[in-house]
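Here it is, the structure in full.
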Amino acid sequence: MCDNSSAASTSPGDCSALGSDMHRLMQRLFPICRSITGNGVRETLNILAKYFPLKVCEVPSGTPVFDWHVPREWNIREAYIENEKGQRIIDFRKCNLHVVGYSAAVNAWMSLGDLQDHLYSLEDQPDAIPYVTSYYKERWGFCMCHNERQKLPEGRYHVVIDSDLKDGHLTYGECIIPGATEKEVFLSTYVCHPSMANNELSGPVVLTYIAKWLMSQPRRHTYRLIFIPETIGSITYLSLNLDALKTQVVVGFNLSCIGDDRAYGFVASPYGNTLADRIAETVLQHTCERHIVHPFLDRGSDERQYCSPGVDLPLVTLCRSKYGTYPEYHTSLDDLDLVTPTGLLGGYNYVKQCIEAAEANAIYRITCCGEPQLGKRGLYPSISTKTSGASVASMMDLITYADGTNDLIAISKLVGRPVWELNEIALRLKDAGLLKEVEKGSLTRASTLQ
Amino acid sequence: MCDNSSAASTSPGDCSALGSDMHRLMQRLFPICRSITGNGVRETLNILAKYFPLKVCEVPSGTPVFDWHVPREWNIREAYIENEKGQRIIDFRKCNLHVVGYSAAVNAWMSLGDLQDHLYSLEDQPDAIPYVTSYYKERWGFCMCHNERQKLPEGRYHVVIDSDLKDGHLTYGECIIPGATEKEVFLSTYVCHPSMANNELSGPVVLTYIAKWLMSQPRRHTYRLIFIPETIGSITYLSLNLDALKTQVVVGFNLSCIGDDRAYGFVASPYGNTLADRIAETVLQHTCERHIVHPFLDRGSDERQYCSPGVDLPLVTLCRSKYGTYPEYHTSLDDLDLVTPTGLLGGYNYVKQCIEAAEANAIYRITCCGEPQLGKRGLYPSISTKTSGASVASMMDLITYADGTNDLIAISKLVGRPVWELNEIALRLKDAGLLKEVEKGSLTRASTLQ
Amino acid sequence: MCDNSSAASTSPGDCSALGSDMHRLMQRLFPICRSITGNGVRETLNILAKYFPLKVCEVPSGTPVFDWHVPREWNIREAYIENEKGQRIIDFRKCNLHVVGYSAAVNAWMSLGDLQDHLYSLEDQPDAIPYVTSYYKERWGFCMCHNERQKLPEGRYHVVIDSDLKDGHLTYGECIIPGATEKEVFLSTYVCHPSMANNELSGPVVLTYIAKWLMSQPRRHTYRLIFIPETIGSITYLSLNLDALKTQVVVGFNLSCIGDDRAYGFVASPYGNTLADRIAETVLQHTCERHIVHPFLDRGSDERQYCSPGVDLPLVTLCRSKYGTYPEYHTSLDDLDLVTPTGLLGGYNYVKQCIEAAEANAIYRITCCGEPQLGKRGLYPSISTKTSGASVASMMDLITYADGTNDLIAISKLVGRPVWELNEIALRLKDAGLLKEVEKGSLTRASTLQ
């Protein structure tokens, strides 16, 4: 069984409170109508900024970003469909998924037949409102449950969308938390989805609490956290920060769909061989018997941009039930029941353990030839019996492979013990003068250690 | 099921006709008594030369070729065994397999007992005439069905072989079809077997029609086709052309046993890692669910020479039912029923697809950072729903791995799509300016791409 | 079935005698009370020195050796426990396992209750005397069968250990047998265990007879054999000889637990990729269908020192039933019945075959292009039939991979034939001028050939 929801480093009482705190933040953010631009993103970031020092940044529409341009800003005030009796049969205020994202303004009467061209529903999930967007082609449309769509009587309908799409800004949040070195751990999540919980309020909520925790910790690495709109946001951010990211980031994690109770997994990098892959793999291996390594071919979140040729950040997407793999995905069923306090807590601990592994990871070298005499340092049993060796097996195994060519994660794989156990031993041996770190800031992007 | 016999690029009508045409050519060539030298080879090459510009080359007996010498030329006019009544119980004219290849001349009466020392038959295939040769030690002998041998009555027999073995030439055919670059695809098959169909008239017949097809196509590579006697022919050809081959050949295919209906496979190179291995593997993987990769340890055709140390051509032998694996092999049962029009057509399409893969293979690099905006080029659906991504998955996957380190075959392996599908997409993206080829003539012999 | 107990190179009569000879030597050595220092080691080495020129070396107590110091020398003359009636209920003379190794002197009366703190027994092996030592902390103690311990009546006991622990020497034996080159095969075993047979008199006894055999053989390599106390002995020897070992040793074998009849195996090096691993693997693969490759994580003998970071000798431990894997291990049940003449003979042949593989191993290169014409050298059948190729398959396979990049062991793996068969063929081909050795003394420590 996975034990991420009750990690050893947090007491059970704290845990339970932490999960509830995160779920409450999610409840507060849930109703806001976010999109890839607009006031919903701003409102969301302003709420998060109350939890940790989040800098809100604005990039003007039209700014060229790699192969793209920052789009015009979309805002929506109201949207509904009325029947001839003036009854609102769909109202954006009840659920912001009812409107196709980036819908153009409309105010018109039309027949049911004409209206049908603008309606979206899911035959195989007739009680779910689908999530549909049309960012790059001007359209308008409404989403609704298929069951209700089926019941719409013939007649004329009054369709109103009070939105505008005009030059403005793309908005994102950034928080840099300095550490002992300039080498960075990069953490990204997105804030462009309207009222859906796992995809995607779980990522921003978990990352908010990770930021709070990071600020309370000693940090070997500098941490760069960003809260962005998906795709165009990551492209924009990369376009503005590529050199810094390529120079400084030693490992990155994108957070998405990380708040439900069902699974743990990650989306591997294109070749599955970065430090991020190795960290996610080793953490899950020792905490979660049944976890899923999604190949990069099943990607879909901002790992698409971060791992694209020329960008090549050493990054994976950490997730619980991955986008596209659970039935509620991209519908109104992805709600505050699907994401739970324990689900969020599990996701939080998973991210935390990955960060702890990144902090712990180092290349050590034993300082003597042959096995050190642990006994004279009180590290070895003084009497040799049939079983006395077992108690120090992990220590001896660590020493064996601490030959200056393996980082702790590699040693974890070689000896089958979790990196946090090895880290504790390594620090003890370092204190005893038996291990030294081979290289200050031993994590390097070029690492190909397996 | 394997679909090589009805490749998409040829219409069904053409296919059927092509298979029949090949089978007719085979019927014409079948009765000729070929050996590693002599007029049978000349006659065969002269017939093939009517189909495409085949240059017939002669190398004198005694010419040193690597560790060997070109042997004396063997020709045979007549051979039979008569009983005392003057009845021919074996006649070379009925089947040229009756005479051991390279048999010395003989004209003598002898007892059945003495004759037995010169008879070859197969106890476990009593109705088959075996194929036996003795190129490098002077012998004479007759081959016959074991059942008939058993019935031979005691008595005296008149044994006649009217052959001669004297200085002459080793004869082979060569055809060089120039392409856009000097980099060569090397194609080899052999013309030294008497009346057997799969091993080996299938190879020369399929390669003849491949030559015709190649001449009708735009060609990125130059094509070097040779029709030679096995072993001594390839050794001779290598000895005369080693430098050119080592400099120019980027991929090579030897064709043998490629006309029956039973299997598809190839004989891997010694380490199984050349471009030829990768091409044969990817073609079969996407056309033939159940195919056989024969390890080099099971070699037996001219891959023995082409892949020998110091020669090291990046070559595999393409085959349907490999020599040594089918019961009719090296007997009179390997006949015009075993090889069929559909069998030949399947072999032809297999070779053609390997060549097309070699032509398509290139190393591409995406021209922008991050994912390109496909939508503005009409390459991406403008509305995002739960399923819209699937339609462009192959394109996105290609872009992901088009990072300048993978050729198309490597990408095919990474993303699980056939190289011809990726090639079409790559050409579209190249037209759109989104991909560029990393290196003109990107196929290099040093390629170790997997 | 494993056939190491009847290796082809020794006649059955010899075999049987050899096994018995080894067992007789073991009987002679068995009663001596060995420890990591002291007269028991000297007495043992002096006996072995009658079999081959073994140099006995002494290193003073207190000598710093890497992270350790040579300990004081321990000698024991007498030890017993008497009851109030003057009956010896435990007597060191009956079995030297009764005394905890390195026990301090004691001569005292005490109650059973107080005595219990100094008794060691095994509840789950109630009829076995356990083997216990306390080298690095001053203690005294007795070991006995649990069943007898249970029966001890209340009362007072007279406890006597007449031992001393004072500055003296650590003693070991060394034998260097020169060969054609200075490149060394390193062979190590240990002489610090009291009366136990498999662990560890089997190693010294087998290595003694290996020394005798080596001296009778032509030798390509120099052989360095050492007989040392475990752990502190190997650390001492390494400390004194590290440069020579690192420069000269091309392959090493530690022998331990190599005289019983049950299993064959070896303890792999830390990464399982040295020449020693490759040799042990190939020998067992072709002699012993069911053998065990113990990962380095299950180490426990002097491979711990020889393979430690900074030492990094290319060494494995050859064993039959490995220490820690058989129930009699480290008890009085590991006796002269557990180790048998056939068991010792099997161990001897296993070591011998590993040495023969090391001697045979070389990198060859074929001297011609294309396949050589074996026929003209009488190495190929002159008539080609369906089956004639099989008889020369190993020869042709060897030629194929004798491309100057593979040593014989690598070729053995590639072609599936044992290295001794390939060696015979290689020598024939070398005589025929068809193979040449690529490099004089082709075994190099840097070899990463797989």
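As written, the chain order gives the labels A, B and C, with residue 1 at the start of each chain.
Assume a contact is a pair of C-beta atoms (placed from the backbone, for glycine too) under 8 Å apart; a residue touches a chain by one contact, two chains touch by 3 or more.
These numbers come from a predicted model, not from an experiment.
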{"item": "Chain contact topology (line, ring, star, complete or other)", "value": "complete"}
{"item": "Copies chain B and chain A - interface residue numbers shared by over half, same or different", "value": "different"}
{"item": "Gap in Å, rounded to a whole number, between the CA centres of chain B and chain A", "value": "54"}
{"item": "Gap in Å, rounded to a whole number, between the CA centres of chain C and chain A", "value": "54"}
{"item": "Parts of chain B lying in touch with chain C, wherever the complex brings them together", "value": "66-68, 120, 122, 130, 132-137, 139, 231, 234-235, 238-239, 242, 270, 296-297, 300, 304-305, 307-312, 324, 329-330"}
{"item": "Chain A to chain C touching residues, read off their complex", "value": "365-366, 368-373, 375-376, 382-386, 389, 396-397, 399-404, 415-416"}
